[in-house]
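Below is one structure; the comments refer to it alone.
Order as written gives the chain letters A, B, C and D; numbering starts at 1 within each chain.
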Amino acid sequence: MRVVVQEAPFDFGVEAAAFAEGRAVSGAVVTFTGIVRDVDGGLQAMEIEHYPGMTESALTDIAAEAKTRWSLEDALVIHRHGRLEVGEMIMMVATAARHRKDAFEAAEFLMDYLKSRAPFWKREVTADGADWVAARDEDEDALTRW
Amino acid sequence: MRVVVQEAPFDFGVEAAAFAEGRAVSGAVVTFTGIVRDVDGGLQAMEIEHYPGMTESALTDIAAEAKTRWSLEDALVIHRHGRLEVGEMIMMVATAARHRKDAFEAAEFLMDYLKSRAPFWKREVTADGADWVAARDEDEDALTRW
Amino acid sequence: MDVLYFAWVRERIGIPREAVETQAGTVMDLVEELRGKEERYAAAFADISALRVAVDQQLTDFDASLSGAREVAFFPPMTGG
Amino acid sequence: MDVLYFAWVRERIGIPREAVETQAGTVMDLVEELRGKEERYAAAFADISALRVAVDQQLTDFDASLSGAREVAFFPPMTGG
């Protein structure tokens, strides 16, 4: 289980391949990648603030919780902070399990918790200025599934 | 949308990175990778037979169906046939969407349909001989979700 | 009409494909004809609930029409992924 | 006790962190003290339903005890992922 919080870009292909490589026990690997998306054509950048120290421990707790709930062989979380341009990768999670259902559900669980329980705050920078992204009710509601 | 059926190995890291690269519209990319798993410690290889021609059209139909059901920007399916060793990657799917829910659900849908509706047959080779893998009721049942 | 066999159906019948002269109206009619050919066919088609069929590379049912069909394939439930 | 502010809470109060001398028994008691300091604090803490709190880097509630706490952080709902 690995949790990484960093400002620098990460190499999704290299991370995904290394995670999936040579797993003779796990038959299923799921990855999720979040990318800075230009919602209305006016986004210049995304700025991500975080809470150093708490971020790492919150992500570690979330990954550990996933391992208690599903039969997971391994999990990986990488999340960036700082300024990101449109098209850049914000974060990724990866899960490895014997069965695809565990790998899928654990990855969705990690995403749902990470959205609303890890101390990151996004700010969208447009030509009109910069605005904090509001938490969406549906992200909070997503937690009730688990 | 891309569907590939091949005997040769594919490079999961390269494929995953190319699929996710520079998506300014899609915020969410999900991948699933299936790996030859040594279930009971005695597996020597997995042999995968397929139905050339029908395989490609069945996978294309399944991917097209996913695009009608979810708001997908793109989808990728790669599936190998022939002889694979333990730890080798059998197949992968990837989905790109604006929202993570669409990307996750479409990837699970692709996997569920591909398991039971694409003309592949697996045979496990062990020290005791070779046996066709029986279809699992739960794989057929998984289709009722959609 | 080309008739194709895959996986253990192919192994049981002993060939991957053959050309069959038939006037069968439905898949089930064709199955009955094949059953009558030889014991290995009768064995392969003993329990059709264990089989799947595709006509011209489209999955279908055993009561499907063979009108205009060029290729029929028999195989066990698929195990991809 | 170190008190930290993130995102728009940080912007509204104008500083990312400060050392606070307090005998507050609970997070809510601390909020009341801060509200009384200056208008910018009153504004930031006007609606605590829009805020989240962590004590010693663990998410908690506004009625949580501050006994033994070294670090309290206030911030809006998180938007990671």
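A few points about this structure:
Note that contacts are C-beta pairs under 8 Å (C-beta built on N, C-alpha and C of every residue); 3 or more make two chains touch, one makes a residue touch a chain.
These numbers come from a predicted model, not from an experiment.
The minimum number of touch steps separating chain A from chain C is 2. Within the contact network of the assembly, the step distance from chain B to chain D comes to 2. With centres set at the average Cα position, the gap from chain A to chain D is 26 Å. In terms of their C-alpha centroids, the spacing between chain C and chain D amounts to 72 Å.
The residues of chain C that reach two or more other chains are 81, listed in rising order. Chain contacts: chain B has residues 34, 100, 111 touching two or more partner chains. Contacting chain pairs (ordered by label): A-B, A-D, B-C.
If you check the complex, the residues on chain A that touch chain D are 34, 49, 51, 53-54, 57-58, 79, 90-91, 111, 114-123, 132-135, 139-140.
Contacts from chain A toward chain B in the complex involve residues 11-14, 16-18, 20, 22-38, 86-87, 89, 98, 100, 103-104, 107-108, 111. Considering their complex, residues 4, 6-8, 10, 54, 57-59, 73, 75-81 of chain C touch chain B.
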